[in-house]
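For clarity, chains are labelled A, B, C, D and E in written order, and residue numbers in each chain start from 1.
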Amino acid sequence: MVRKITKRLPVPSFLKQRKTTKKPGQAPGTLHFTGEQRLDHVLMNLYDYDAEQLSEHDLSKIEDSKPYLDSPSKTWINVCGLHDIEKLKEIWQYFELHPLIQEDILNTNQRSKIEEYPDHMFFVLRMMSFSEDTGVLNVEQVSIVLSSNSVLSFQEDDFPIYEPVLHRLRSGAPRLRNHGPDYLAYALIDTIVDHYFKVLEKLGDEIEDLENEILQESDEDIPQKIHALRRKLIFFRRSVWPMRDSLNSLLREESPLIDEENKVFFRDVYDHLVQIIDGVENYRDMALGMLDMHMSQVSNKMNEVMKVLTIIATIFIPLTFIAGIYGMNFEYMPELSVPWAYPAVWGIMIVAAVVMLFYFRKKKWL
Amino acid sequence: MVRKITKRLPVPSFLKQRKTTKKPGQAPGTLHFTGEQRLDHVLMNLYDYDAEQLSEHDLSKIEDSKPYLDSPSKTWINVCGLHDIEKLKEIWQYFELHPLIQEDILNTNQRSKIEEYPDHMFFVLRMMSFSEDTGVLNVEQVSIVLSSNSVLSFQEDDFPIYEPVLHRLRSGAPRLRNHGPDYLAYALIDTIVDHYFKVLEKLGDEIEDLENEILQESDEDIPQKIHALRRKLIFFRRSVWPMRDSLNSLLREESPLIDEENKVFFRDVYDHLVQIIDGVENYRDMALGMLDMHMSQVSNKMNEVMKVLTIIATIFIPLTFIAGIYGMNFEYMPELSVPWAYPAVWGIMIVAAVVMLFYFRKKKWL
Amino acid sequence: MVRKITKRLPVPSFLKQRKTTKKPGQAPGTLHFTGEQRLDHVLMNLYDYDAEQLSEHDLSKIEDSKPYLDSPSKTWINVCGLHDIEKLKEIWQYFELHPLIQEDILNTNQRSKIEEYPDHMFFVLRMMSFSEDTGVLNVEQVSIVLSSNSVLSFQEDDFPIYEPVLHRLRSGAPRLRNHGPDYLAYALIDTIVDHYFKVLEKLGDEIEDLENEILQESDEDIPQKIHALRRKLIFFRRSVWPMRDSLNSLLREESPLIDEENKVFFRDVYDHLVQIIDGVENYRDMALGMLDMHMSQVSNKMNEVMKVLTIIATIFIPLTFIAGIYGMNFEYMPELSVPWAYPAVWGIMIVAAVVMLFYFRKKKWL
Amino acid sequence: MVRKITKRLPVPSFLKQRKTTKKPGQAPGTLHFTGEQRLDHVLMNLYDYDAEQLSEHDLSKIEDSKPYLDSPSKTWINVCGLHDIEKLKEIWQYFELHPLIQEDILNTNQRSKIEEYPDHMFFVLRMMSFSEDTGVLNVEQVSIVLSSNSVLSFQEDDFPIYEPVLHRLRSGAPRLRNHGPDYLAYALIDTIVDHYFKVLEKLGDEIEDLENEILQESDEDIPQKIHALRRKLIFFRRSVWPMRDSLNSLLREESPLIDEENKVFFRDVYDHLVQIIDGVENYRDMALGMLDMHMSQVSNKMNEVMKVLTIIATIFIPLTFIAGIYGMNFEYMPELSVPWAYPAVWGIMIVAAVVMLFYFRKKKWL
Amino acid sequence: MVRKITKRLPVPSFLKQRKTTKKPGQAPGTLHFTGEQRLDHVLMNLYDYDAEQLSEHDLSKIEDSKPYLDSPSKTWINVCGLHDIEKLKEIWQYFELHPLIQEDILNTNQRSKIEEYPDHMFFVLRMMSFSEDTGVLNVEQVSIVLSSNSVLSFQEDDFPIYEPVLHRLRSGAPRLRNHGPDYLAYALIDTIVDHYFKVLEKLGDEIEDLENEILQESDEDIPQKIHALRRKLIFFRRSVWPMRDSLNSLLREESPLIDEENKVFFRDVYDHLVQIIDGVENYRDMALGMLDMHMSQVSNKMNEVMKVLTIIATIFIPLTFIAGIYGMNFEYMPELSVPWAYPAVWGIMIVAAVVMLFYFRKKKWL
């Protein structure tokens, strides 16, 4: 009969805070992976390309990449799986990555950011993508290290995030093959940001559904659903927002690793992020407005319940009083023996009820 | 009898999010039109003018514009219809537009913005205009590409947005005919921004109507109407706000495409946008205030209902109790046989009722 | 008996949005007066002064000002009435005002601002002043054009705003007579800003009255009054705020029209505006706090009403039940014939009532 | 019996807005004292000091300060009382203070600020101090004029604000005696800011008391008390905030009057102000939180009242109905003559009551 | 039976404001310890190290540190205990610390900050750490003074905060031993910031617990618990926030005491702080959302209570009225003698009840 919020909506796993396992006070570069193992082995795929050719290799040892890195062609190495720290250490030492970069690649609670180091540009992003089959949201942290001649990318599992870029590489897309590794880094980041639009659309659908539910006054856990939606929006906004600020800095500063001419592409990614954040803000405002609307519906219903109670009570309580009067057992009650008294009492009662109904109508309660 | 929010107010089509059809990871410049087709054919109108002359031409092929573009007179080409990507591609390639410009012209979810490219200045705006006949709000995305000697403008359908500018061109308005294409770009943008004032006025009327409805306590879906109004205000504000920031940057930076002397006109557009945003913010504050006022009216009504119930119940319940006492069937109830007992009970009841009425009056419930 | 918000408080005319009559797309400098005609004729008063002398003249043609403008003495021309566009055009063309200045003088919806043009500094302000007789708030837009040798001021009617400045000019105030026209412009603006303090005081009185009304729980349309007050505060704040920002820019930038030494006076006006805005913000916070206080009073009253109802019902409903029991007509009810049954029932009832009264006292409902 | 907010809490005098007596449009430097006279005579105390000596003098004429000002030793003149404008004018003209400084010294509604003039640095602060005897908060405006060789300070009455500084001067504190007048100005300002900490602590105590009252559900005018507290917090914050911004500017800019080496001390004052504002913000947040907590307690109580009413009514109304049935006087009611009918009805009633009690327990209403 | 908030949750001691004992107006460097004594004696531990060696010494006199400070190896002195001002003064005078540094070390109400002085860089932080045994949160103020060749650190008691750094020193960690004292200062600060993550996780657990409690509608003092949580979040945020701003300034400015190359490590600390603040903001938003959810649950319950009352009253009050009618004692009531009247009345009553039950079902009250 009554509405209750008893069953908790399942919290999506990406909303659960990952625990830090690092102990306070350890040296920078002390390595702890904060996620869960998603792959059996660390996978390393190398792509070596320039305008003329593309060669692909599965690496088993990082040292095998030497000929490609030494050649003038550009090299992209994509590493899947972050649980095997020893293996990763070999890669990092080979590329002489700063210990702070190493630490951040493993700490998958990272805020999105872009950091410049002497020989590297380091990007961290949160990849969010719906699996086309299951509709489940896949969230993982992605790192990209841009050097003067190569791109090194890390991801938690082997989700084919970069498939479309690979496809363009293979089909010989001229811009991608001709430009430097900075353009490749842009292409990777752009792919990730494009996925955000899909997530935003899904959130938009969810908001629309919820709005419909509220309007149909289906009492199914509305406040809880709004709360859950707001948590998702906050999570999404926090994933996207810092990337925007980082890109803004990147656009304003000069770096030897990023060609001035290619900045227009990074500006486009920035522009997309602004658009996405704009959309999230919009949804946040709508979520707040929906809560207001729901609360005022609850008030309205309470008002309605109160009116029914008041109308019934106001009409019948006085009438019952009159009936009570003539139910008294006094010996000397002259009205009792008047023959037309009973119909007269009925008359009085009907008049009283009609008067009160008019009063309620005047008050617009009916 | 009771207020309910059952029928959903129709959501205007411009508030519906347009779906992105672009797949994540595609190359920049991969072209997808995100709107709906509004015209049969792409229309191209060319206007070639200088202080002395104006000539107008309907182009069927973009190559036909060559003589006008090569001549020292200024050239404006207005393109209507964005669905025929092949046709548009020809135009863009002829003008050597950057692939990112091409992408943005087609993506009609764009935030308003001004972007500088090596040889072009690119403007995207959202045009909003009430049809004079039907009163329906027409929303479409408009793009303007300013070159050193020409202006290229794109719109989704053939709504005669720029009619007034054309009229001034034809009637030989000296400033427009004498100044460079940057002044023409200003004139086009100014026309669009002037329409915003009309939209703002309409929103102001809507707010006033809603305020009156609230004051007359007509219970017709107030929270839903406020919610709908807030959505419109958010949409309008999001359409206008980014243009203000872009213009601000334009005013502060130097560009070879914009004459310093003409910046005073762009400053005027900026000023108009500030005024419009000021108005929207004002309406947002008023919308919030109206919700507060409505909620407190609902509270007041509940209070009123409660008072009626309380007064009736408080007066009659004790009287009914007294009547109940003398309705008991005990054999030994000495009062029952006292001749003046019945009128005495009436007296007691009347006194009790009067006392309670005084109490309510003292409490200001009556 | 019950509180209702039926009569709408009159909205002061200055809160009503003035309609734009300008059509979208017209050329800058297309002139439309957006206010209402307040004077029969345009009035032009010329004051020519330097340290030694002051001469005053009513002009009928603007050309008559030539000798004064050509002489080294400073010249101030005050123009009252904005409805006669032809007349105004003559003035503006004589002074070669930029078309955007002309447009802004007539558009009396203007936000306050300061704009620099090649030969002029242009100020727009909103004058607000209480008529000393009627107490009515007079709101009009005022424009000031500062040139190297003269000040040109425009107002909507002939309200003697600048009387005190005139008085100082006539009485030979040395600073005013010695300094350049920039100091005169300062004096005019300062006069307008001084009036804001009076308006702020009046708003402060209104807030205090409203606070008293709330504390005395006089239910006279409190939410509506708070809403009206908030609208006034928003209007006032929006009139003052942009002037502060404009003055801030003026102080930071160099202009040939404003003597560095006189900037200390403009800084003082800036300081006054900051103080006024501070006061308005304070009142806005207080208005929000008053709404909170009122809402919690309404809650408290509802609570009180509920308690009365609950006490009465809780005491009498059980007693009435007992009376009902012994009003039943069963043949075999042994209690009915016990002689002390009737007083015993009375005793039980009194005990029950006393117990419940103690319970309510313990709950602090009594 | 019921809670009411009838008696208004007394508003402390410092919260009352002081009226401006200055008329709009008067020349800068037109002098009006906006406070109330607190002293009979203007008092002038002169302190002349350097590393070796300190001499103290009560001045009757400002000209008597000439020898001390001309000597290389530093001079501090403290002026108490602002009501005797003629006397003050003599002082100001002797020191050639700018008319805008004169105006601000008298206008005791001033926002705190620091202003640089050609030969002076001008400080205005709001002094707030609890009288040690009475616990009353003393609020007055304090002005300090720093010159290259002297400090001139003004206060509204003779409250011994600067006693501790004087004490340090007399006891030969080396830093104070060796450094220039800028260090003395710092010492005076620091003293005033130190008092703010005491005020902040007192406000903290008040908040703690109020929090306890709310938790003990003592219904004594909670919303009114929270409102009063918020007003005090706003007043305090507005007194302190502008000083922070002014000091921040002072620290960033160079001035011939303030030794770079002494800026570290002004930075310390700045730091104290930041800490104080931090505390006030904290209290503002807590005050908001307390209102939320109080409102939810009121809701809870209403809920509790409703439950009592509902339990009583739900149990007894059906029982009374049953009793009513058998109180009817129909001739043919077979139950009435069944001997065990009366106890059976009792049984039914008891069962019904027990069932309902179980239902309430299941709903956790009991 | 009813929910009440009577017992106050204990306020953790670190939330209690520490009283300032300093009197207003005292000279800078007048020393007062605002905390409570936590140790018997001041402890001084000296660590002298370079790439080759590490020597550790317990100092009884600060002068004993001379040989280590004069040698080229780096020196770290950690001082535990702040109650013995005489002892501390000796240390400070030996290091020629600025009086404002001295004051800040003792004033344990300090906001976190980084201040540059001529020969020192001064850091103040709030250390927060859970005791591993008791789970109690230990809060104390920590100061670090960085000189060109040494680090001087102060803490309130002998909590082994820096144990992990010491461990790394002893085990010969190359970066720590090779870099200058600025790297040691970084390591100390980093250790403190690492603890913040643990505190943040604990707060996250608390929020999750509270969210569960709200969803299970366990009425145990929810508003009070949310209030307590918000206070903790505010305290935590205020402890962390200012450090972020200070580090940001440090990163942007050049200082002879901090090697440009080491700034990347300070940037990492900055990054951690940003992440922590992000988390706190997230929790603040969730705490607000939880309050909304709780309030709407309370509304829902009230609604439910009202419905039960209304259903019972609406069904039985009219029926009781009918029974009352036939309980009247009029002599002429023809229905009373009709044999089927009694069952007919029962029929009418049952029909009325069924109709009303249908009505409630239609309204979705059942």
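FYI, a residue touches a chain if its C-beta (ideal position, glycine included) is under 8 Å from a C-beta of that chain, and two chains touch if they have at least 3 such contacts.
Worth saying up front: this structure is predicted, and the values here are computed from it rather than measured.
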- In steps of 5 degrees, what rotation angle do you get fitting chain D onto chain E on the CA atoms? 70
- Provide the C-alpha centroid distance between chain A and chain C, rounded to the nearest whole angstrom. 42
- Query: Taking each chain's centre as the mean of its CA atoms, how far is chain B from chain C in angstrom?
  - Reply: 26
- Hunt down the residues of chain B that sit against at least two other chains at once, touch-wise. 299, 302, 306, 309, 313, 317, 320, 324, 327-329, 333
- Query: Which word fits how the chains touch one another: line, ring, star, complete or other?
  - Reply: ring
- Should the ring be read from chain B with chain C in second place, what is the ordered list of chains? B, C, D, E, A
- chain C residues touching chain B in their complex are 1-6, 8, 17, 19-20, 22-28, 98, 100, 103, 109-111, 113, 115, 117, 217, 219, 223-224, 227, 230-231, 234, 238, 242, 291, 294-295, 298-299, 301-302, 305-306, 308-309, 312-313, 316-317, 319-320, 323-324, 326-329, 333, 335-337, 339-342, 345
- Would you tell me which residues of chain C are touching chain D in their complex? 129, 162-165, 167-168, 173, 175-176, 187, 190-191, 194-195, 197-198, 201, 204, 212, 215-217, 264-265, 267-268, 271, 274-275, 278-279, 282, 285-286, 289-290, 292-293, 296-297, 299-300, 302-304, 306-310, 313-314, 317-318, 320-321, 324-325, 327-333, 364-366
